[in-house]
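Shared between the two complexes below is subunit A, which has subunit B as its partner in the first and subunit C in the second.
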Partner chain A sequence: MSSFKTTMIGYVGYRGREGQISFLLHRITGLGTALFLTIHILDTSLVYFFPQLYSHAIDVYRTTAFGIGEIALVFSVLFHGVNGLRVAYVDLIAPKLWTIPKSRSSVRWTLAVTLILWLPAAGIMLYNILRHNYGLFGG
Partner chain B sequence: MNASTVRTVQKPKPNYETIAWKWMRYSALLLIPLVWGHVLLQDIIVGVHRIDLDYVALRWASIGWRTYDTLLLAFAFAHGVNGIRQVLRDYIHSPAKQKWLNWGLLAFWVVIVAIGGIALIGGVRTIP
Partner chain C sequence: MQINLKIFRYLPDSGNKPHYDKYVMEVNPTDRVLDVLEQVRADNDPSLAYRRSCAHGVCGSDAMQINGHNALACKVLVKDLDSTDITIEPLRGLNVLRDLIVDMEPFFDHFRSVQPYFINDSELPADGKERLQSPTERERFDDTTKCILCAACTSSCPSFWADGKYVGPAAIVNAHRFIYDSRDTAATERLEIMNEATGVWRCRTIFNCTEACPRDIKITKAIAEVKKAIITGKLEN
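Let's look at the complex of A and B:
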């Protein structure tokens, strides 16, 4: 447990800039997605094991709180994918790109691509929440 | 560089961790179209407000979509559990504890994949 505390203090104090930000975001988005995936496998399995409970699970997913969580989940899946491609490409194909300046600019590109993919998706999901949960846009 | 100052390091033999390291990268290449396609369809095009038991039954009536979901279950969850293992290994250092961690996560993976797999094979049951 002491090593956990040391690591957490290290994450805050270390100034690794883009490289450290992408490392932390990759972990947070990966763990978040894995947690959701576990719940999602179990809730979908209700259709076979307890089909009468499935609509209750879906009702929970339709709430505004889970809708906001869904928008965060889509960010996680997009960032983890784009950043994963970056890491896999440099590891397997172009290891000469593992220099600090090249890593910094590639992390900035990764974040830009993620935002370009995420913003329209987030807009559509926000529209759906407002339409179905608040009766806006004729919902 | 002077030859006497150069230290050569032997490339380590590939072991289980080498396979796991490669697995994370190769499975990721397959997961990008699979997961992004799934998210685009279910979260953005269809949306959770239009998903219910009938929707799942209709989707799973197609063997193609069931195969798609089987691939997702197989690749995404194994990638996720190995990712959890990699993160926890940064905090758990003793070889004995790491061994427990490996077996514990393997058991977790087997149980969840079995539940999901049974549901995928059994399909949607009608409410009595």
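Let's look at the complex of A and C:
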């Protein structure tokens, strides 16, 4: 079996605990953020090469689908950042966290901090989508 | 109690693809998973292949994936699985030789690569007897002496699944055992091996290895201590 197939089946099939879940979320959110950055660099480059297309790209960003994608993007950036800080802190600074219970707890805290940071941002972004795309809240 | 058992089956060169055989069986809740496998082999299919030796959690022969989690079949009771559906698969990341038997040679190659033996070419003490060590010095690496090389940790590690060149948790545990032995003089060489691209930096601190270890070795802690020793250049107590 190829390493890729073994890895993918392992990601899904192996029943790891919080550590594996945070590892997978870290990868997914990292890839999601990298994908967005790539698209963002490409669409910004349109200003220079094809200015008319740039306006069209901005219109596409204002659609509901992209708006929801941006809410997910904010979660990705926040989780990836907070979890990255957690991993660096655990690995390099805090030997007292090198136990299973404390590791599990640190992952739960990471998710809680991410949600606390994300929910207000998600609320504002959702409000703007409903206001500008659906005419709600006096839009 | 009645269980629904699913066992991974594969015989290379037989022409059959990997598949699962299913059995509905009556077992005792206090039976071990190894007892269940023995029952299948005795009553249903004598061709079922798996490793076993001591059957008491000491030899490390019967590590396998039980309901998606690595463990020794001789240490897991059916009642502790909290399910009547039991799926048994070979260890991940090592090639299957037959059914639940995997090729352990790459795993042992990694083990050998960390020099898992005592190195000290200096003169013996004046009395010509043993090199003494205090209880505190012995305690420093006590946890990592417990490894039985079952491969449950290494084959639970996503970094190892992705790249079999990574030495894996078990090899690092055995390096740790000698790195922190006050009588050994090759810690620097072992830390250099651990600092290579295939060494400790592949660890993502996700604790799958520690969760899987049947000897409750604090593997991730040992790996973190080796990482810290590489960064600081000191073997802290």
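Following the convention adopted for this analysis, the second predicted complex is superposed on the first by the 136 of 139 C-alpha atoms of A that agree within 3 Å, B and C clash if a C-alpha of one lies under 4 Å from a C-alpha of the other, contacts with A are read in each partner's own complex, and residues count from 1 in each chain.
Convention: a contact is a pair of C-beta atoms (placed from the backbone, for glycine too) under 8 Å apart; a residue touches a chain by one contact, two chains touch by 3 or more.
Predicted model only: the values in this text are computed from it and were never measured.
After superposition onto subunit A, the modelled positions of subunit B and subunit C overlap sterically. Judged by the touch definition given at the top, the superposed model places A:48 against subunit B, while subunit C stays out of reach.
Judged by the touch definition given at the top, the superposed model places A:103 against subunit C, while subunit B stays out of reach. With both structures placed on the common chain, the touch criterion links A:92 to subunit B and to subunit C.
Contact comparison for subunit A: of subunit B and subunit C, B touches the greater number of residues.
Of the two partner chains, subunit B is the only one touched by A:124; subunit C is not.
In the superposed model, A:3 makes contact with both subunit B and subunit C.
Once the two complexes are overlaid on the shared chain, A:30 sits against subunit B while remaining clear of subunit C.
By the touch criterion defined above, A:77 lies against subunit B but remains apart from subunit C after alignment on the C-alpha atoms of chain A. By the document's definition of touching, of the two partners only subunit C reaches A:13; subunit B does not.
Of all the stretches 1-9, 55-63 or 73-81 given for subunit B, the clashing one with respect to subunit C is 1-9. Taken together, the two structures place residues 3-4, 7, 87, 91-92 of subunit A in contact with subunit B in one case and with subunit C in the other. Against subunit A, in their complex, subunit C makes its touches with residues 65, 67-69, 92-93, 95, 156, 158, 161-164, 204-208, 210-211, 218, 220-221, 224-225, 227-228, 231. Remark: subunit A residues 3-4, 7, 27, 30-31, 33-34, 37-38, 41-42, 44-49, 51-52, 54-55, 58, 61-62, 67, 70, 73-74, 77-78, 81, 84-85, 87-88, 91-92, 121, 124-125, 128, 132 touch subunit B in the complex. Interface residues of subunit B, counted against subunit A in their complex, comprise 25, 28-29, 31-32, 35-36, 39-40, 43-44, 47-49, 51-53, 56-57, 73, 76-77, 80-81, 83-84, 87, 90-91, 93, 112-113, 115-116, 118-119, 122-127. If you check the complex, the residues on subunit A that touch subunit C are 1, 3-4, 6-7, 9-11, 13-17, 19-20, 22-23, 87, 90-92, 95, 98-100, 103-104.
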